[in-house]
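Only one structure is covered here, and it is reproduced in the block below.
Chain lettering (A, B, C and D) follows the sequence in which the chains are written, and residue indices restart at 1 in each chain.
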């Protein structure tokens, strides 16, 4: 069989393959490990407008099948980002997706406009899982109307591909996904971490300095796969699956559930070469099943006979 | 830094709570410096999930081996003991920035607590190779835990031992010992690892004596390669506080700048 | 130290200890394994008014740190329950909590009234994670107003202790918890399973016959501990923690987070003696830390200095 | 049913894809019947998470041992091979309802496919002890997989072998062999395990010949003790369909009632 095609499209972005890092679990520090041009895209850590210190340590703890983190978007601010972070990738051809976090809708728009003007940036990922400090403190992405307004304002100020990174901590991810699609989002990242907590029973203290954090890793994969599948039923823009992907099988599972691309976060902490192994594994899978184009696999789930019932 | 799958040459219990692992490092072409560390996958399967960071304990350039000294703490270190000689261990590194020995430092003081000795032993080895005189104070719960004493003495270090068992490990007594050492030796720099209390003492001493100091810190880690910002600590500069990553800018820092809690 | 007291109270229920089975993971079939009177309570599988067949197989699949199930409340109906299931426990002193599922609010009330009149029943757990067939198909427990109405109607028809078993698939579990408390619930079970999915990449079929199912086991524990902690901040009725408890430490973690009692489900599948081991382990912990009464431990989390920040 | 922590006496590879485990069962006081199964924890740690069900393959009352024959399939069975003689295995059982042999059944037919042989071998052993004549058809991918042939012959069974390798395992050919067997033997009951296609054939045959049949089913399990209703299948009664639990009312069912998909 001839080499299968792995390339996928998200908005205006042409990715040579669907695998890219998850924001916060990747950086130029990994340059020595592998050629970044092997990745579908690069996604540096979320940036905020102003420098921010981040949360109290310990910022991570291990749990069964994953980890909890509460870094708190430690950021050197937008200026530093434009001057130092984006240029660090200038020698690579792979598209750069800039992840941004902000405290208000206007700040998202303001940052998107500035970042959208950078030639080094191909797309913007809106991390809307952060609390809306001008609202009730709930994350932007927990409210469909706010998510809609946020995406819409951002779309008005830039032509770059806009991806909304949804929070999974919601009753209906479909509702938020639909709102973002209607507002013009070019893609949806499903999803950020699930809010979690762990307590040391001996000290009776939270294992995370900030008390609560987000759980990532294989423990959450079944929840994320479900959400990808749900969003795929109601949206037609591309989905980026994210959460618990450790190997090629996990990535393929998300693609079958409906993801066009897949982000890899925590896996890189355990296997720094994980993304490269996954790209190779996805290609091997396509060959094994004689699939010429990965786009054939997206959402191609075989459901024998659908029954909907109480799942409890 | 790279991911290596290296052969374990030996992995044995050396005292009640400590184990010692020797690994064939002939594959590693990068230079490994005292104070640097490796992030080790303690078991094949996904349990425990994260890697565990361990300082380099000895670097044997001729034999092309590296050694780790580790304390049994929780699941990860327990599983690490299961790896048998002849089997492979998945290690990622070398990581971080190690100790610096300036040419003019002909005599140095090491203050190590508990497993902190693992980190400072590599420095003592390096010091010996550079003909630097080492004076070391080792603090531990029990004499049984003072395992690297001979290793250090083998490197020509002058070793003082303090333990809870002997009732000698309180900060006041350690301070007295340090004072005595300073009377006898012209200490040019101080190095510490393994205890907040002793680090504060060392910070005070090096400040008072106006000599440079270095400290190797520990913090819970995610990536161990500088991308996740899990492992931060603060450095106090003249006009501002800087948040730095233990895995990347550290684990060795300027003792006089580190903000100890 | 003298034997610590393990007894806790939920509504009118006095439990000799806080450990009880989770509905659906326990039955009279376990009688040969241990003395049910060692348990804080017994909780048989959720019952429906009319007999129900349940979902297509496979009904369970394994995932990292847990399992997905979609049994679908296979039930022999209320009559059979009253005649056969409740009497199966009549020789035990430990209180029986009947778990019920229904298709409408009125059906919950109707069933509660009937079951509430049974002398063999000490309390009723309302499994409100099932879809509201008369509504929009979303689970009752996903809507605060509906949950409120449901609990209120049930409280009107019975004096038995009423526990609302919440679904974790919501944006704000605090909101639903508050609604149930205000409606008069005597206790809150936090929580049922999280909606999840797994796909076999070789057949491209869902691993669960019903496509979606609920994930249980240690993978979800950090999410559930977080929810217990959140609910504890806003409610004063007792919380029953449920989700991923495998051993005594896990149970204690939930108690410290704010749970008065703890249910054990999936753990019994792996360790059929799990509940007994957990009870012994909790007692040993209390002795070790010289805690005379387990009530001192409930919600006794030590938070060094609270920072609230973006958890993403 | 109880949880037992039993010593493994041997655990060895017996062919390309099959392993055989012998366990000291002297602790088990309950009677174990052919067709029953144990739910086994394949590894200590939480990975894999669930237990795995395995039929009893041989019951040695004198030696007080039990045996399992298992096919390497996925993570659980791979980990099971790691358990070494002398180590313990955590098994839960005996579970479910086994085969029934009525006194008047002096000759029986067994039809096993693949690892289904593990289940029927225990029945052949029991039949031998009750002086019941066994005629068995064993079907497998390759001759290498037909491992229990000698075991069955050792119990005095007359064994027919069909394989893909020899091109003899198609349903038509098996049906022909069955017809021949019925010509030679007065078969009183039929037993099957391991294949939907062959079970349907056996269902047809026993119906046509108007003799009783039994089948051992497999289904994905949660609790394996009847509480979770994960493992259901349907029985067709005269006037209604009954949903039954493979782990509790089964795994052995009346072949003529089971609804095969």
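Criterion: a residue touches a chain if its C-beta (ideal position, glycine included) is under 8 Å from a C-beta of that chain, and two chains touch if they have at least 3 such contacts.
Owing to the predicted nature of the structure, the values given are computational and were not obtained by experimental measurement.
For the pair chain B and chain D, there is no chain touching both partners. Centre-to-centre separation of chain A and chain B, using mean CA positions: 37 Å.
Taking the mean of the C-alpha atoms as each chain's centre, chain B and chain C sit 47 Å apart. Between the CA-based centres of chain A and chain C the separation comes to 32 Å, rounded to the whole angstrom. The set of chain A residues that touch two or more partner chains comprises 24, 54, 63-66, 218. Counting partners per residue, chain D has 46-47 as the residues that reach two or more other chains.
The touch graph of these protein chains is a ring, one cycle where each chain has exactly two neighbours. Pairwise, the chains that make contact are A-B, A-C, B-D, C-D. Interface residues of chain B, counted against chain D in their complex, comprise 45-47.
On the side of chain A, the complex with chain C involves touching residues 24, 46, 54-56, 63-66, 68, 70, 72-73, 101, 127, 129-131, 138-139, 142, 167, 169-172, 192-199, 201, 203-206, 209-215, 218-223, 225-226, 229, 244, 249, 252-253, 256-257, 285, 300-312. Residues 24-27, 29-30, 32-33, 45, 53-54, 57-67, 69, 71, 74, 217-218, 246, 266, 268-273 of chain A are the ones touching chain B in the complex. The touching residues of chain B, counted against chain A in their complex, run 1-3, 41, 46-51, 92, 219-233, 243, 248.
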